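Shown next, in structure tokens, is the structure this report addresses.
Labels run A, B, C, D, E and F following the written order; every chain starts at residue 1.
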Amino acid sequence: MIIIKIFYAFISVTLMGGILGIGLAIAARLLAVKKDERVADIEEILPGANCGACGFPGCSGYADGIVNEDADITLCSPGGSKVLAKIAELMGKEASDPGQKMVAQVHCRGNRDTSTYTYNYEGLNDCNAMQAMYKGDKDCKYGCLAGGSCIKVCPVDAISRDEKNRIWVNKDLCISCEKCVVVCPTGVMQMIPYGSDAIVACNSLDKGGKVKKYCSVGCIGCKICEKKSPDGGFVVENFLATIDYDQKGDRTGAMKGCPAKCIISAENASLEIKKIEDKQKVNE
Amino acid sequence: MKGLKTFNRGGVHPPGKKYLSENKPIKNAVISDLSVIAMSQHLGSPAESIVNPGDIVREGMLIGKSTGFISGNIHSPVPGTVKEISDIYLPNGMTSKAVVIEMEGEFDRLGKESIETNWEHLSGKELIEIINSNGIVGLGGATFPANVKFTLPKGKKAEYLVINGVECEPYLTADHRLMLEKADQIIEGIKIIASIIKPEKLVIGIEINKENAIESLKEAALRADLPLDVVSLKVKYPQGDEKQLLKAVTGKEVPSGALPMEIGCVVSNVGTVNAIYEAVVLGKPLIERVITVSGGAIKNPQNLKARIGTPIRSLIEECGGFTEEPVKVVVGGPMMGFTIYDLDTPVTKGTSGILALTSREVRGAAQTACISCGRCIAACPMGLNPTTLFKYIDHTEYDSAENIGLMDCKECGSCGYVCLARIPLIQGMRLGKRMLRTKKVKA
Amino acid sequence: MLKEFTKGLIKENPVFIIVLGLCPALGVSTKVINSLGMGAGVIFVLLGSNIFVSLLKNFIPEKVRIPAYIVIIASFVTIVEMVMEAFLPALYDSLGVFVPLIVVNCIILGRAEAFANKNTVKASILDALGMGLGFTLALVIIALVREVFGLGTITLFPMGSFNGVIEIPGLIDSPVRVFGLAAGALLVMGLLKALFTWIEDIRRVKQ
Amino acid sequence: MSYIGIIITFVFINNFILTQFLGLCPFIGVSKNVESAVGMGFAVTFVMALASISSWVIYHYVLVPLDIVFLQTISFILVIAALVQFVELVIQKISPALYKALGIFLPLITTNCAVLGIALINVRNDYNALESFIAGIAAGLGFLLAILLMSTIRVKLDTEWVPKPFRGIPIAFITGGLMALAFMAFDNALLKNLLG
Amino acid sequence: MSNNNLIIESSPQIKQFDSTRSVMWAVSLCLLPAGVWGVWIFGLRVLGVLIASIISAVVAEAAMAYLLKKNILNILKDGSAFLTGLLIGFNMPPSIPYYIPIVASVFAIMVVKWTFGGLGGNFMNPALAGRVFVFFSWTGPMTKWTMPKTLETVDAITNATPLGYLKSGLLEYTGSADSAARYLVETGYPHTNIDTGITAWLNTHMGFSLSDGYIDMFLGNIPGSLGEVSVVLLLLGSIYLFVRKIITWEIPVSYIASFGLLIWIFAGTRYSGGTYFTGDVLFHLFTGGLVLGALYMATDMVTSPTTRLGMIIFGVGAGVLTFLIRIYGSFPEGVSLAIILMNIFVPMIDQYTQPKRFGVQVKKEVK
Amino acid sequence: MKEVMKIGGKLAAICAIAAIALGVVNAITEPIILAARAEKLRLALSELSAGLEIGEFIKTDNESSIIGYYPLSSGEKTEAYIINIIGDGYAGDLNLLTAISNGGEVLSVVLMEDTETPGLGKEAENASYMEKFIGTGNGSIIPSSKSHLNAKDADSITGASITFIGIGKALNEAAGFVSQLGGM
């Protein structure tokens, strides 16, 4: 009795398996469709969980998306970093060399405490929108408008705002996409090398006297930095100091000597960022 | 009031406040000693100044030359010396080069009898050239160079010439006064335009809150034996916009993204018509215009005929100054106008009004998140969904906004006017369009 | 090697991080004991299928890969089902239709595809244990919240004089019954997932 | 139960996702945009109908006569998996457009609890062939309804400022939870009273 | 030169009168009379329920605003949390233990509203979701009613709302009453003297042939949730909202009309011997939370469609669902479930009822 | 073709092994399962029968909700019946076994299977729940509505009245069925 049952089970399931297997094999041969090889390769790399976590219909959909629709390659959460690395290799998207990584930084520290303002702005918190209205509410027409457009576009949330409404970039999170630089209407967001130790935190091309009137932390073009740190790569042109980061000389003299205190050290910037991030465990 | 024509969807009814100035006859404004003439007073590329500091200019002399197909000529409103060429802010917040003229010497026209010339023998081409050389731009708000508008594209025929006497913006009464006081000139102007574009029908649309203007134009048309159809319209903002006006008077819709010419229509503002009359018949370039100075904080609201380049401060002073500290000074109407912070901003060709508003009129309130009340959608005359558009723009999804019609938005302000949450919807639309245009897009 | 085991517990927790195998996770997590039972079943099946798939990885033809894996998985599931029905009928009743559904639990096929068919038997075993325990852990966490609030009890195995049920004073009389229902399951899952994301975020920033 | 009854039951009252906890992974995973959700919904409906019929045949013509019902899980899933793969191949060959719309979802569905779920539930409920088929379609439509609604809500949420820890999957669960809360309005009694 | 006090803002430079804040407080204000009525007929304890639900809603709102680093004061001033708390209180039975409205408020504000980003982000009506949450959790206390002071209690069992009373007995009923209100009269459901008096007057002088009971239901002399009973006061409050255009006719009218129509057609068939087209429409309109729901809760802008057509679809959907749940379902009441069910459909409705764009001929698909 | 056969063969082989393994396990577990089920039923029946002799199960072949019955007899005389009936619950069917005397009195009721809500309808699985029904019938009405209960009992089923009504109706039907049987 038991034996017969096992026998039936054996026969029926084996038959089913055999027939279906053969059927599938035949079908696969008859109905074969050519695919982009890279799609197949990526499909191979992907975990095949078909979970849909990437937002695509299954792993093959995502593979297709990567190859044909330029989808972001970081979406597969089951696959994790290993899969990501393999896909990146296959697609020729390599992570840049950290030594030469460029990061964004805001070249302005002006805020309500240090600068004067022209009018009472009401409306959209967006730098491009503010820029369209008399170039923003600050008397300085070169500075950061603090509308936070850069914060909105940064894909990795590397940019944050402190309680004084100043904008800081966390250079460790920045992936050099330059989206913030593109969106910033005033040009105060600029790319600098990851390792740079100092930043001239001013962007104003106005004459020293005028700058002094509207901003206590603005560059007045006094050239003290050039003198105090002759190898620091400081160049003052158009009443504004800039740093040639290819020159690797010492810049501490300039930082200390700057009467406007507008040359800030990268360390200080990092400290400020840490302060913000410690506080804002949840941002909006 | 039933049976009056109007456009069918959207629109709002802000308090008109026209009584403040509608019974004040147009008065010539005092000419200020210093005139600041912006080189960008029209749609399109700015004019190029052809004078240098120290040059002596005469009233009506060409000082800025049109620089392209869509551009305009600019003339000196006063005789005097060029003091400097400087950078100034226009009321709309943009920068422009400007010629600063210190008044001195004798006026060529002011106070003198003007001579009427006969224009009927002139061809369309010649008339257009006169309009161009006198720097006439649309005075209805868009400041579109009039000569360009009247140059019909090849193969197109104008079916309608629609004159825009709607003046739907609250407070403003400049066009209203013009229609009352200069009805004959306007009729003559219409004839000039008609002889250029040869339309089948002539229509003027006027809202019913200007009944005397309707009468005055009807009579003038009768006098001049012009087959002009004076259409009374229901009061509804933004009926003055050409698309809504055409919908109201002709029943036709200008297709999305197209100009009125697409449906065989040409629209011109009554002020523009008057300026054309003055240019063609009197040979006078566009150096002055009628401006309504009004608002709750203005002591004595008036309609002033002011020279281009006059500082706004001087016009306000002429109306008795402020009765109380205004919260906003607006150039243009309250629905589409721009706020200024510097009262020395000069009048331009597009300045239709100057309003000093009190906080009671402005009715600001705390901004909150959108509560999806849908009022903006109901108010939008273009059938757009402002709240969704704004949300896309706020999330930097400009392409999605474009897909649902961002470019159709004409910034009429209806949605912002009704928004319960006080969301700066129109600013968002402008931002979105700018970002799309400059392709600085996509997070 | 040990990493293959620990990753499934937290870093690649199948339920909370990869978000797979949701149906049983939510369907049976009304009581802690059900979660434990389900977890045990899943560990067993995962172990069995991972071992066999990695053993047979060169034998199974590409074209019938999925059917073959499924047959293997289904066999283990059926074994679990029959054994559970025979020896733990009460548990079998309360797990209901979810026992046979282990077959299609995305985790198991997912691990077969993603791991076992590429790795050695030993690694596959560790992976299975880690993933299985991670799954169980997640189920127990969800069940704890749901049972404490939804029933006012914590049900464990009866042992000796202890009948297996801990009653939560205050909640036992008027529990928040929704937690025991479908809606509650989804809500708890969402809130827990948010909590973990939040903790993860803080940890990332702290680093 | 009448056919209408079966449909109402599986679409509303015992909605697979919102009350039965079946098919949650794709419900959460593939509901980020409307098109994918609809595609998935239709694919699931199709496969469920297929699964219902094929499992009914196997159950009644193989398993019961041979008294090997204990093999139902393995034989159902084997047949379903193979059929799905077969259908996928066919669609891919004959209609690339349909494949793009539906086919790419098919492999996902093999590992979807809902499909095996409907096969087992049909057996439990002792449905005949037509009833099974209708139940399969109805359960699929229930899935479609839920995932479609979910996707429209999630699209709306894309432009709301959802707090960071909730963005993405957590808020999807909470949305699902609230939907399930509302779906409790549909209960058995409603159906019984309605259909007399 | 410049004037630093002038505001620089984008057009339009003037705004209409209402704002989110004024609208929320106006709605709260209009609910007040019905609340006062509730306190009066159910006793002072009810005030405690209202205070508990409002305070817990406001505190929950403040807590979330604090956690998410928003300006707490500004957020509280908008009044939406107050209103949500108030409405939750309105939807509670008078005898409810205090912890239930508190849980409802906290769930409504924290989970239903703030996990979606606070005001405007939620897709489901917070107050109703909160109510449904506690209803399913504590069905017993949530369906335990108190007789109003104005009504003499006959015995414990008739401590039921007219709807519940009808539902629990109707199927066995074989008497001769041909409408719900008559059924109540016949089976001894209590009425006030005011009701009897006014009904008699109406019947003799105005030519009506009403049965007893309607007046009680209209005035609010019946057991029920503490804020829903007084139909007349709710209507009065809503007149102000209609006049101020804070709520518009689309949702309430389509909701009530579709519901009433279905009741009229089908409700009669639910008892033995009943026929089509005999449903007791007035009874169903005056009882339960229909008026409160249709006027104050279905109209919540955040969770209802934005276009006119959408609103009508929403209202009709809610009407149909309320009818189904009330007449065929196992719960005596259907309003809250019907509204939150329709809330789920709102994004979809919105998607398919976009306005016709000016100058666009073929409606392009909106994404 | 050979390739194809090989693929099919391999899948068949895996299936074969699986089937045999399952067959063996089944051979071990099936008797245990069956025995357990039978035991559960036997326990329930013996409790219901109250010492009477349980007859053969008789299936009813019509479409009614009564699945079948066991006659209960002492000696020759059939004194009562155990009826297996399906009632309508809140969340689905209620599978009930009830012993009803020839006179129509409900002697005992057991809820065998149900899908009711824990804490509400599921309370009916407890023996104490059914006390409201026991002894009713034969002369008095079997309660099937809240109005048939006293205030205390009515209160105790608040929130679960649908389950209660479902059971009550099923019992009434069962009693009717018994009186038919008696009449036969």
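Definition applied: contacts are C-beta pairs under 8 Å (C-beta built on N, C-alpha and C of every residue); 3 or more make two chains touch, one makes a residue touch a chain.
Given the structure is predicted, the values throughout are model-derived calculations rather than measurements.
> Would you kindly count the fewest steps from chain B to chain C, each step being a jump to a chain that touches the current one?
Steps on the shortest route: 2.
> Can you name the chains that touch chain A as well as chain C?
D, E, F
> From chain A, how many touching-chain steps at minimum until you land on chain D?
Contact-graph shortest path, chain A to chain D, evaluates to 1.
> For this structure, I'd like the pair of chains sharing the most C-beta contacts.
B-E
> Going by C-alpha centroids, which chain is farthest from chain F? Tell me that one.
B
> Could you state the distance in Å from the CA-based centre of chain C to that of chain F?
33
> Taking each chain's centre as the mean of its CA atoms, how far is chain C from chain D in angstrom?
A distance of 21 Å separates the two centres.
> If you average the CA atoms of chain C and of chain E, how far apart do the two points sit, in angstrom?
That pair's centroid distance is 42 Å.
> Find the geometric centre of each of chain B and chain D from their Cα atoms only, then give the gap between the two centres in Å, rounded to an integer.
It comes to 60 Å between the two C-alpha centres.
> Check each residue of chain B and list the ones that touch at least two other chains.
Residue numbers touching two or more other chains: 93, 341, 364, 369, 395, 424, 427, 430.
> Two or more other chains in contact with one residue: find those residues in chain E.
2-10, 68, 111, 115, 117-118, 120-121, 133, 136, 139, 330, 367
> Chain A: which residues touch two or more other chains?
5, 9, 12-13, 16-17, 20-21, 23-25, 28, 50-51, 53, 118-119, 122-124, 129, 133-134, 282-284
> Have a look at which chains touch which and call the overall pattern line, ring, star, complete or other.
other
> Which chain pairs here would you call touching?
Result of the pairwise touch check is A-B, A-C, A-D, A-E, A-F, B-D, B-E, C-D, C-E, C-F, D-E, D-F, E-F.
> Which residues of chain D touch chain C in the complex?
So the residues of chain D touching chain C come out as 18-25, 28-29, 70-74, 77-78, 81-82, 85, 107, 110-113, 115-117, 120-121, 124, 164-166, 169-178, 180-181, 184.
> Within their complex, state which residues of chain A touch chain B.
Residue list for chain A touching chain B: 118-119, 122-124, 126, 128-129, 132-135, 152-155, 179, 182-183.
> Going by the contact rule set out above, which residues of chain E touch chain B in the complex?
Answer in residue numbers: 1-23, 74, 77-78, 80, 117-121, 301-308, 311, 354-361, 364, 366-367.
> Any idea which chain C residues touch chain A in the complex?
For chain C paired with chain A, touching residues are 12, 17-20, 61, 63-64, 67, 71, 106, 109-110, 113-115, 198, 201-202, 205.
> Going by the contact rule set out above, which residues of chain E touch chain A in the complex?
Residue list for chain E touching chain A: 2-10, 67-70.
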